[in-house]
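Following this line, the structures themselves.
Below are two complexes that have chain A in common, paired first with chain B and then with chain C.
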Partner chain A sequence: MIQMTDLFSKLSITSNGFFVFVLLTLGIYYLVPKKAQNYVLLIASYLFCFTWDWTFATILFASSIVNYWVALKLDKAEDSAKTRWVWIGVAANLGVLLFYKYFDQTSVYFFKALLRIGLTNELLILDLLQPIGISFYTLQAISYLVDVYRKQIPANHSFVEVSLYLGYFPKLLAGPIERAQNFFKQLQADVEIGNDQLVESFIKIFVGLVRKLVISETIVRMIPLGVFAAPQKYSMPDLLFWWLTFAFVIYNDFAGYTSIARGVSGLFGIQLSPNFEQPFFSTSYIDFWNRWHISLSNWLRDYIYLPVSRAMLRRNPSGRYWPNLVIPPLVTMIVSGIWHGAAPHFILWGALNGLLQGYERVQKMFAKKTSIPLPRWRQISNIVVTLLILILINAPFKMDFTQTLAFWSGLFRWGIIQTLSIHQIIKPILAIGLSFFIDVMQLPAKDELGLLRLSKPAKVFLLTVGLLLLFLSTRQAAVAPFIYQEF
Partner chain B sequence: MKSLKIKLPVGQAFFQAVLWLLVFCVAIEAFARTSAGRNFFQYESYGSSHPHFDPQVIRIKAREVQDGQIDCIILGDSQVLYGIDPTIVEQAYFDSTGNTIHCQNFGLGGLKPITAYPLAKLLIKNFHPAVIVFGTDLFDYTAVQAGSDASIMSSPWVKYQLDDFSADGWLIENSNSYRSYLGADRYLLNGEENANHIEVNGHSLKFSEKTNMSQQEQVDYFDSLLDRPEITGEQLDGLHELLALNSAETKIVLFETPVDPIFFTLQKFAYNRKVYPDFRNMLENEAAYVNTDLWLTQETIQIPTDGWYDIVHFNKVGSEYFSRLLGEHLSGITFRVTGVVWCGVGGGGGGGAPPRSENLYDCPRDPSLRSG
Partner chain C sequence: MEENEIRSKLRKFICTEIMNDAEYPLKYDEPLITSGLIDSFSLAQVGVFVEIEFQIYIPDPELTVDNMNTIDAMAARIKEKMG
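After this line comes the complex of A and B, so read on.
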C-alpha cells in the first residue's frame, strides 16, 4: 500500500501526491474567508517546498525577506541611494544563485588548475543540493527589484504577496518566469471561477500530462543508452534520428510542465504566462526564440538584450553598424547559456544561438524589402530548414564539449545502423506525430485550448484516446524529472 | 478575492470519454480472452525489464498447461539458464528410477540468492513444485550485478505475487489484454532477440559452441565483474531465506554450478585464496541447517575440456554432460510429496473419483499430456 510519506515525498507535478495536494489546497482555499486565501496559498507553497527539502524552503524564505526589504528600501530611497540598493539586491540574489548552482560546477575547473600548478592537493567539492526553482525565482526577484528601481511598479508592502510571487507552488519548479506587476495584480483581483475556467484549466492539465507522460516519456524510454554519452560509437542515421527525437522530448517535457502549471494555477484564479507558441513552426531563428520559453526570452530581452542594445547604440547610433546587430543577441544568449548551467558547453550553446540570431539580423538588413508574401512551399521549407539547423546546433544543450564535437563529426560518418530497427522507431515516430497533431490543433489560437474548439464527438473521441494513452503511460516505470527542473 | 461558481452539469465530454474508455477496455479484454484474440495478441509481458524473465514465466505457464504439473524447477543464474537441459535431467532421472518427472529450467541471467528467495516463493505459490533445485556458485556471492536483480523485483506482477498489492500487478495477473499491451510495448523496445533462444523447457541453447573471446579476455572480463573476494552478507542472507522455504511440500535442493578451474586464477581471488573453501563451508553449513541436500561439484566432477562456452558457462557438450549427472543425482534424493495426492485426469481409468496415492510419482500420467 502507498504510504502517506511516499505520496507526499518530493512532490513532482505529475505525481498522484501532487494532485491530492492540489485538491486539498483547493478545498481549503475556497472555504476560508477571501482575505485568508493568499495565506493558504503561501502555506501550501512552503509545504510543497518542504516535501523536497527543508533547506530549500529556508532559502526561499530568506530570499523573500531580502527582496521584500530591499524593494521597500528602493521605494523610499533618494535617487542617489537607489542605485546602491538595486545593486545590493541584485548581488544578493546572484550571490545565492552562484553559490548553490555554480560553486560545485565551477570550482572543479578552478581546483583542477590549482592541482596542476601544485598549489593544492585536493579538490574542494561541497556537494551542494541546488534548491528547487532557484534559477527561476532569482530571475523573478531581480526583475522585481529592477522594476521598482525603474519606477515601473511600486514596492509591494505585503510580505505574503512578495513571498507568493517568488514561491507560488505551481510555478516554483520551473516557471513560467512571471513579472511582478502581472502577478501582484492577479493576487489582488476578485475573480470568479466558473465552468469555463474550470474546463480550461482541466484541458491545460490534460494536454500537459499527454505531452509529458505520453510523448516525452515514451521517446525518452526508446532512446538507446549511450547514444549521446558516446556519440563517437554511432553513425549518422542513428545520431540524427535520436537527436531529432530528443528535440521533441525537451519540447514536450517543458511545454507539458508549463501547461500543467498553468492549468493548476488557473484553478486558483491565477493565470500564469504562456511559455510556448508552437516553436517548431517557426520560420526564422528570431521567430523561434519568440516562441520558445517565452517567459525567459522576455526576461532576457528586457533586462539583458535591450540594455546592451542601448549601450551599443550610444557608442555608435548607426542602424547599419553590424556589431549593433550581432553583439546584443550574442551577449543575451551567452547569458542564457550560463543561466542554464556553468559548463562550457552551455556557453557554446548560447554563443551559437546568439550568432545565428545576429546573422539573421545582418541578413535582413541587407535583404531587399518586399511586401509580396513568400509562396507556400518557401514558407514550409523555411520552417523545416530553420528547425533542422536549430536542432543540430543545439547539441551542446545536452552534450558536453567533447561529446558535441563527436556528435557533429558523427553526422558525416556513414556506418552500420545500430539502433534503428523498424520496431524501435515506431513509437518515437508515433509520439512525434502526436506532438505535431497537438501543435496543429493549438495553432489557430496559439494556446493549449484547441481541443475545446472541436465538435463534441471529436472532443469526446480525443479525450477517450488521450485518457487511454495516459492510463497506459502512467502504468510504466517511474517518470523522469522535468528537464527544466534541473536548471 | 477568488470565488467558485460552478453550475452542474460540468465536464460532460470528459465523463462521456471515461464511459467510452470503460466500454473499450471491456471489449478489448473480452476479445483478448477468445482464441482469436489469443492468436492476434502475440506478445505477453509480466512487467519486468529483465531479458529472460518474461520468456521464462510464459514458458513455465505453458509447460504447466501442457504437462499438468511441474515437479521440479531448476532455479539459478545464467549458468543454469544456458547449462541445464531439463529434458536430459528428466531422462536421466527416469533411467535411474523408472519414474517420470517434469522439470523446468527457470534460469535468469545475473540472478542472485537475494532475489532467488522471493522468486522461489512466487514459484512455489504458483506452481507447487515438489522440488526446487537451486544452482549457485562463488560468483553469486562476490560479483556486482545488482541491475539484473532490480529489474526482476521491479515487476509489479512479482510484487503482487508477493502480496504487495498494486493496480498494475492486479492487471497483469488478471487481464490478458494488459499483458499483451505490455508485451507489445516490450517488443517495440527490444525486439524478440531475448526470447527466441529459450526453449519450452526454459533451457537456452544460445551458448552452444565456444565464445570468440580469448581466455585472457574472459579472465579480464569476469575479473572486472568481481567486487571483492569476500562472501557478502546480503547474498548469504538470501540463501538462508531461500533454504528456509524447504518444507514437506516443496524440497529445496542446493547444487554447485561448476566453473572452469581457470576462473580461480582471476586476479581478485589471488588476494584471498581462502574464499573458495570458505564458500564451500558456508554452503555445507547452510544446507545442514535446514537438513537439505547439497551437491558440491567443483572438485568432485570433471567436465569435458570441450564442454565450456567460456570460463563460467557450459556449452552444449558440457550442458548435456552436467544435466545427466544432475538427473542422476536427483534420483538419489527423496523429494516426495508426503500428503495425499489426487492423481490427474486419466490416472485411474474408468469413472468416479480418481485414485489416491501417497506418492506423487506413483500416479500414472496421461500420455497425451506428456511433453515427449
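After this line comes the complex of A and C, so read on.
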C-alpha cells in the first residue's frame, strides 16, 4: 500500500506521484479564472519544490525577491547606476550558486592543500544540499537581469510572473533554460488548449517516457558496475562498447526529461523551448553543440561567446587572427564545464570541447567553400567520425581526471573481453536501435512529434509497442534520477 | 545608404574575411549558415563589421541563424536599425 507521503515525496517527473500532482493542478488551473491561473501555477511550483526540501523552496523564494527587486531598480536607475545594479544582481545570483554548488566541491581541494603544508589538520565540509534546479534558474535570472540592463525587455512588475519564470515546476529540475521575454509573453496570454495541443503534449510525454524508462534505463541496468569507476581493469573492447552505450544513456535521459517537461507544460498552454535536434546526426563539432542542450548553448552564445568574441574582434577585427577563432569557444566551453561542476575533470571536458570547436573554425577558414551538399557517403562518414570523436573526448564528463586517463590509455590495451557476452550486449544494442529509430522519425520536423506524421496503422502499432515496453519497464527496479537533475 | 550598397559591402566582407575566398560567387539570397558556408560563430564577426562599417549595433540575441542566414536578411535588419 502506497502511503500519501511516499507518493508525494521528492517528486520526479517520471513518478506516479508527479502525474497525480499534474492532474490535480490541471483540474484547478482550468477551473479558476485566467487572472488566478498564474497563482495556481506558482502555488503548485512551490508545493513541488517543498516535496524535495523546504529549504530549497525558501532559497528559490529569496532568489525571486532579489531578482524581481534588482530588475525594477535597473529599470528606474540612471544609466550611470545601471552597471552597478546589474553587477550586484549577477553577483548575488552567482554567490548563491557558488556557495551551494561549489563550496563543498572546491573546499576539498583547498583544505587538502592546507593539510599537505600543515596549516590545518581537518577538512571543512559543510555537507550542503544543492537546491534542485539552482544551476538552471540562476542562468535564467542572470539572463533576465542582463536583458533588462541592455534594455531588450522592460522589468516585469508582476512578482508572480518573475517567480514563475524562475520556479515553474515542469522546468524546475533541469530546464529548458527559458528566456524571460518569451516566457512572460506566454504567462500573459489567454490560454487556449485545443485537441491538437493536447495530443501533441501527450505524444511528447509518451516519447519522453520511452526515452527515459525504456532506452536509458535498459542500458543503465546492463552497464557493468565499475567499468567507469575502475577503467584500468578493463580492455579496449569492454571500455569502448560501454562508453558508446553510455552516450545513449545521457542523450535519452536528458532528451526524455526535456520531452516530458515540454509535454506537461504544453498541457498548461506554455510552450517550453526544445533542447535537442537529433544531435547524433551532427556533421561537425559546432553543429553538434547547436543541436545538444540547445537552451544552454544559446544562453552561453548570448552571454559568454558573443560578448567575448565581439570584444576581441573590436581590438583586432581580422577573421584570420587565430585567437579570434579559438579563444571565444574555448572560454565558452570552459564556462560550460564549470557550470556542470567544479571538479577539474569538468574543466578538462569543457576545454577539450572548446579546442575542438576552435580547431574546426581554423580548419574551415582554409577549406574550399561550397554550398553544394556533400555526397551522401561523405555526410554519413562525417556523422560517424564526429560522433565517435565527440564520444571519446567526452570521457571526463562522467569520469574524474584519473579515471579519464585510465580510460583513454585502456583504449590502447587489448586483453580478455570480460563483459561483452551476447546476453549482456543484446538489450543495449536494441535500445540504441530504438533511440536511432526515434531520431530518424523526428528528423523531418526536428521535434518530438514525428509519430503524429505517420500513417494511422503505423501510429497505432508504434503506440501499442511503446506502451507495452513502458508497462514492462515500470515493472522493473526503481528508476535512476535524471543525470542533469544532479547539475 | 541604399540596401543594395549594404548588401554589396556585406558580401565583400563575408567572402574575403569569413569565407577566405574573395572569388566565391555568393548570391544575396544564398543560405550562409544552414548551407555550411560559414558557421554560426562567425556572426560575431558580422556583428562587429556592422558596428564599424554602418555604425549600427545589433544586439547579441539578434545574431541568430534565423535572423542572419542570408545577406538579404542581414541587410534588411541593418536597414531597419538605421531607421
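Throughout what follows, the second predicted complex is superposed on the first by the 486 of 487 C-alpha atoms of A that agree within 3 Å, B and C clash if a C-alpha of one lies under 4 Å from a C-alpha of the other, contacts with A are read in each partner's own complex, and residues count from 1 in each chain.
Assume a contact is a pair of C-beta atoms (placed from the backbone, for glycine too) under 8 Å apart; a residue touches a chain by one contact, two chains touch by 3 or more.
Small disclaimer: the values here were computed from a predicted structure and weren't measured.
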Which superposed partner A:Ser158 touches (first chain B, second chain C, both, neither): neither
Contacts of A:Thr58 with chain B and chain C, given as first, second, both or neither: neither
First, second, both or neither for A:Met365, with chain B first and chain C second: second
Residues on chain A lying within both footprints (that of chain B and that of chain C): none
Chain C to chain A touching residues, read off their complex: 17-21, 24, 30-31, 35-37, 39-45, 47-49, 51-52, 59-61, 63
Residues of chain A defined as touching chain C within the complex: 147, 150, 152, 179, 283-284, 286, 290, 301-303, 305-307, 309-310, 313-314, 317-320, 324-325, 328-329, 357, 360-361, 364-366, 368-371
Residue numbers on chain A that touch chain B, as the complex places them: 1, 29-30, 34-35, 37-38, 187-195, 198-199, 202, 221-222, 268-269, 421, 423-424, 426-427, 456, 459-461, 463-464, 466-468, 471-472, 475, 477
Contact footprint of chain A on chain B as seen in their complex: 1-7, 10-11, 13-14, 16-18, 20-21, 24, 49, 154, 165, 167-168, 171, 181, 187-189, 191
